[in-house]
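Okay, so chain A shows up in both of these, paired with chain B first and chain C after.
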Partner chain A sequence: MTSTSTALETLGPRGARWSQLALGVGVLGAALAAFLGSQFHDGFARFQHAWLLACVFWLTLSLGALFFVVLQHLVRAGWSVVVRRVAELVAANVVVAAVLIAPLVVWAAMGHGSLWSWADPESLRASPLLQGKAAWLDGRFFAIRCVVYFGIWIGLSRWLLRHSVEQDSAPDAKPTLALELRAAPAMVVYALSVNFAAFDLLMSLSPTWYSTIFGVYVFAGSVMSFFAAAVLIVSFLQGRGLLARAVTVEHYHDLGKFLFAFVFFWGYIAFSQFMLIWYADLPEETEWFHVRLAGSWKLVSAVLLFGHFILPFAGLLSRHVKRRVGFLSLWAVWLLVMHAVDLAWIVLPPASHGHGAESHAGGAIGLVDVACLVAVGGVWTFALVRSAANRSLVPVGDPRLPESLAFENL
Partner chain B sequence: MGSAHGPISVGSAGTQSRGEVWTRPVLVDGDQSLGAVTRRVCDVVEAPKPPRAWYIAITISASLTLMLFGMVVYLIATGVGVWGNTNPVFWGWDIVNFVFWVGIAHAGTLISAILFLLRQKWRTSVNRAAEAMTLFAVCCAGMYPAIHVGRIWVAYWLFPLPNQMQMWPNFRSPLLWDVFAVSTYATVSLLFWYMGLVPDLATLRDRAVTPLRRRLYGFFALGWRGSARHWQRFERAYLILAALATPLVLSVHSVVSFDFAVSQVPGWHTTIFPPYFVAGAIFSGFAMVVTIMVPARELFGLRDLVTMKHLENMNKVILATGSMVGLAYATEFFIAWYGGNAFERFTFLNRALGPYAWAYWIMIFCNVVAPQFFWSKSIRTNPWLMVGVCILVNVGMWFERFVIVVTSLSRDYLPSAWGYFKPTPIDICTFIGTLGLFFTLFLLFCRYLPMVAIAEVKTVLPDAHAHDEHGHAGGAAHGRSPEVQHV
Partner chain C sequence: MSEPIPTTDERGELHGFVAEFDDVTSVTRAARAVRDAGYQKFDVYSPFPIHGIERAMGLRSTHLPWIVLVCGVSGLGLALLLQYWTNAVDYPFKISGKPLFGIPANIPITFEVTVLLSAFAAFFGMFVLNKLPEHHHALFEHPRFRRATDDGFFLAIEAGDTRFDSKRTRELLQSLTQHPVVACHAARGGDHAPSWIRVGGIAVALIALLPLAAAVAARTGDTTKPAFHIVNDMDSQARFRAQVANPVFADGRAMRPDPAGTVAFDGLIEDPVVLTGKRGDAWTTTMPVAVDARVLARGRERFGIYCAPCHGGAGYGDGLVANRAKDLQEPNWVPPASLHDTLVRGRALGQLFDTVRNGVRTMPAYGRQMSVEDSWAVVAYVRALQRSQNGTPADVPEAKQAELGAR
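Moving on to the complex of A and B:
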């Protein structure tokens, strides 16, 4: 433990280089995305969907991380202390998603229905079904709810990070006790906010459709994507000589187990949602899957079934794979791609809807989506590296650190 | 409040400069020697006579079991009409009780499998009794579909058996999936429970003073000698069974929820049912474990093994799962409105304000409000208060199934077909009888089998970690970091 000095475990000057690089990539991506978006000549409607997809993708990484950090305090986990700082930083990075998603929310609150079609008062009036829920699907109320969701996540993640960082310079057990004591109510707030944010940001893209499990579905994917990202971030840092003594194969093994568990959990939730709707065959529910099982989306659905569930389930089953950082990282990359595909599968089909159902030639997922993912990802990474720059990458003052350092899977 | 959280602060050499270092508290109170654990558990089984309270309890529960047998015989001799199931509510108390008991059965496997995979070592003190409870609850649950079929002599048709009539059950029916799900669950739970028992049965065999006991325990101990090879195989098998049992914890109650959710009945068809049923099942299962472990540990002097810490942990699980159930209720209610389906909206308003409002509000109070008392440490560490809350939870979970099954059926799309379900005395006596059966089996288990997993508890004792400076379970150190390594 004496080997983990704070000086050794900060990014140092390299951080500045990485953050500049990330920002550059982000700006280039944004420029490309804006250009590609303009080529649709649809008042940037398609671009908005791609932008929402990108924001939500990076948002879910932070939300998964936030869940992980709160959970570690809630159950007083010992093994995870060495990787918790990474999670704390990723969680606090939720502010990037908040800033980048804000224009979309403001646009909707101003009554434009190009992304969330219900935001257009005309379309709301045209549908008797939507009139029944006009009280909820109201632009301004929607904006207020978004402020509340992001306020909760930003406040919670900053509070977790602040108390943890406090311990770095002045080792003291008190912050840990405070966090552990308040982790339970934090989890309640987290569950409520994520559940309803999933309904608002994603489910309401198809405003007549509903599924009670939808919040759990988004949650499952979020947590899975965080574990994939955690494996990659930690192995990236280790490749550059950081965290070298703190994180061992045992920690990767546990991250891999959680990754596997949430691949399985996602599959369970996705199956439950699909099977129940397919079986009951009620038109107000099947419309959502009907679109996704037609045209090019049919292929995407099959990709999700195999790529997001069956293949990684088989691939991550073995202890051997979870203890080989190379294999594990490969699966982590694969699953992050699948998570993006999953979100695209949720966000993009409505993009082609109101503009002539058959008109979306050129495939389901386009270059503009990739460009937006890169753009938001660049800014997101920039902010992450910046916030990590002068901080220890391990919570060196945490009273459970020795347990984490000595952790072994038996 | 913080210091009450139990981490024992040990500033070990070399780390003091860094502030406090926490290690895990010891999980067992009192005499922590290996022999003491064996004696404390085996004494219950080997005492010449059980406590007087045991006789009183088993007299009551066995009488109720007899009543159950009487009810079942009467049902079979007369027909399912002796129950209150009638138009429009054809699924009455039998299904309610089936789901209730299957739910209770969930705590055992969660404790033995999932908590094992999550390295929650406190499970060792309660897993044996919880697994036993699982099996007994499955017995009570499994009985209902069998006696509900009416012609019980063809109950085996529930299974897809090849036959000369070329007659098969409907593979698309979730009721058939139930047959597979519940029977698989019962089989794996039994295997898990029995395998864990083998080393302890060998202990009882070796301590036996009468030839009958030696032969009986010896027969079931399968020749266990406690050799290193035995243990190595045992540990491997245990891990594999835990991994296999983990998806079963999710699948059984998910499939039970499919019984309702694949239909188009308003209030039944909603996608959140699978995870929500699983959370509810764990909720009710833990409540039952606490309800019976508190008196059992008092009665048999096991307070040092099943400590307040164990009970408190289980109460926290109850609080967590109870809150999940509350979130599911809220989500269902919200989507019933948001979805804009007039029948869904009606169903939920009907639950809260209709003829069964009394049942609905009992459910809300017991399942959502009552567990919130466990936010208070003084309540969740008070044996009698926690039993009170847990009994409320069990009542509430029974009413949850009642509300789901009965309200939706009693008022469907056609108001002229509405009705009000009333149970008959036979319904009520059958249910009370299953409680008798459950407690009878549990009391017999307490008397004749080791209630606490002796071998597993020993692994969390300080003596099991001779080279561990901190001397505590939870593995603060295995000699990798230099300052705690000393040979």
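Moving on to the complex of A and C:
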């Protein structure tokens, strides 16, 4: 890649148009979500669940991207250089999720239990089980932990992006070597932060329940959702003449392999979590699945089993599917929808069971959740396009770029 | 050099022509030329995989994925069938109250067998499709062919190709390289392995059958010899089993009774009423031990542990175990009695005590699990429970009678 083609690989003026469109959609979605949320007349408790769901959905895309970028540096991968800048930008976009999730965390830290029920000191005192966890389930400590998690992710993703951009015009491979040197400790920090963030943000919605594998479960879905998003973003850009010469069917094939691998990994972890609880049959562990295998959530569980695992597993098995961008994109859209359903399946059941008589009996996935996903997604996309606007979409100075451009699957 | 070569000569049947190349570019170009000339039975040999060589050679994609898929799906089905047959049909055995054929419990085995058969299919299928093992190959006749594992690139066209012509094929290859094209011949007498390998292989296969034969013999025959212990860790211990004679003692009893006139520490209960629930020949109708709130609380706790699983928390015979047995329609299940039947309510305290200690009908004895004091505490609690479920307005204290009427 020479400097002349670098100019072709930036969004240019189209970026401004796209970002305005995304922001407009986001604002409309937010207005609709706020209206729908007010219709529950529950002090926006249901709305908060939908908002958390939406924030976590877009957060997990960034976390999956962050994992991917750190992994590429950790193993000194060559094939992925042409798609790595997109991943770096998606990872650095984690700041959007941090800003949008902050009000929920502050609200909880102020002692309101409408989302995380333990945040209300009264409900903590009422339950002997929760008293044992009171040291951890403390509003201010929770807020501090959230600052640490998001601080790690924002710092790590910005550091990765900064060195990668630096490499674009660097005379030697020093920035890349610096990234590779620190990729291993970065991976450890990443793993711990994602694990505990999953415990805090999602598992503590059911504060008496615990599952040690829960963080891995959320991680598996996150990485899967990133690969689905990566396929869609790259094919979108290629459809508009960007990355056209850099990304070939071979790169789609590898993204598809990762997508397939993490579909299976998600299924493996989800089943591991379920089977141990099913087999031991202990009341303190089964409550979580009991709620999700009753009423309308039983159907959602079945949808996840088939839609998030069995069907995409069979559908993505063949290399011919992974090498046809159209098919691969269809599965990517499908799996992103399934990822949202998966997170709804985690976040929403406590909304319809947890909070006493004023709760929304039989509550399930509703329009307010879709509106929140659109609202957060609009802002998220706006920020992503803005951050990508003046940057090369290919790491043009990367020492492994020639390897990536010439990459072929055997 | 352009002389036509006979397809068989003193060196054996002609296998084909092999040409040597110096680098990836020239061998790839040659492969493309040979493909375009319409040849199909030819192969390229190189020290490392060459990107795009399969397109240059016009290779069709392999059937191996289909073989793996079929074997994987077979493994999935076989594993489920195996578990269904062994646990639900051939030897129905309930574990942890799980269904005889519970899918979640069977998934790990199913997963493993699916992976195992898929891996076998990929590994052995690759061997079969590559016609391996091959002990000798005609191409070894080329003096430099071994360099294909180091720095040599070769392209060989087999004589079996429909377009093969000993003159024109040779000329085609010679036009692509400056190295001399070499004719290779299949060795006379085939490529059988040395006889010691065949004999050794048959011997190993036969020896491998011995454990199976031993198992078959053991299953079909009878023997009076003790079982053969491969790992002997805790099978034989220096202890006496129940009912086995002990030559050390005159009475031959291995299980020693307490010496006459002794009791264990803290074990002395002198009052026969407390010990047996009987006053003379009749069941006692009064509590032989003091009853207070502490005793009732203890009785309630013990009742919850030992009695409630069958009799239910309120004593109506609707405990978890009883309900489960009813749900499963267990044929041999005798439902536990409701403690509020007139019959049970009429039982003397001593008889209730005896039931707790020694069991009745299918109810097991709990004398081993509970001390005498605890058994009496349970009896006291059962009586209180019966009173609570069968109260009359007269049981209500006079001071509260007015409230009763208000309802």
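Heads up, the rule we're going with is that the second predicted complex is superposed on the first by the 395 of 410 C-alpha atoms of A that agree within 3 Å, B and C clash if a C-alpha of one lies under 4 Å from a C-alpha of the other, contacts with A are read in each partner's own complex, and residues count from 1 in each chain.
Assume a residue touches a chain if its C-beta (ideal position, glycine included) is under 8 Å from a C-beta of that chain, and two chains touch if they have at least 3 such contacts.
None of the values given here were measured: they were computed from a predicted structure.
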item: Fit or clash between chain C and chain B when superposed on chain A; value: clash
item: Winner by number of chain A residues touched, once chain B and chain C are compared; value: B
item: Touched partner set for A:Asn195, first chain B, second chain C, both or neither; value: first
item: Touching partner for A:Leu129 - first (chain B), second (chain C), both, neither; value: first
item: First (chain B), second (chain C), both or neither touched by A:Glu408; value: both
item: Which of chain B and chain C A:Tyr279 touches, first, second, both or neither; value: both
item: Contact residues common to both interfaces of chain A (with chain B and with chain C); value: 275, 279, 406, 408, 410
item: In the complex, chain B residues that touch chain A; value: 1-2, 5, 7, 9, 12, 14-15, 18-24, 117, 247, 250, 254, 258, 261-264, 269-275, 319-320, 323-324, 327-328, 331-332, 335, 337-341, 375, 474-478, 480-484
item: Residue ranges of chain A in contact with chain B within the complex; value: 1-2, 76, 78, 129-130, 132-133, 136, 167, 170-174, 177-178, 180-181, 184, 188, 191-192, 195, 199, 208, 210-216, 257, 264, 268-269, 272-273, 275-277, 279-280, 282, 284, 396-397, 399-403, 405-408, 410
item: Complex contacts: residues of chain C adjacent to chain A; value: 49, 51-52, 65, 69, 96-98, 104-105, 107-108
item: Of all residues in chain A, those that touch chain C in their complex; value: 271, 274-275, 278-279, 281, 317-319, 406, 408, 410
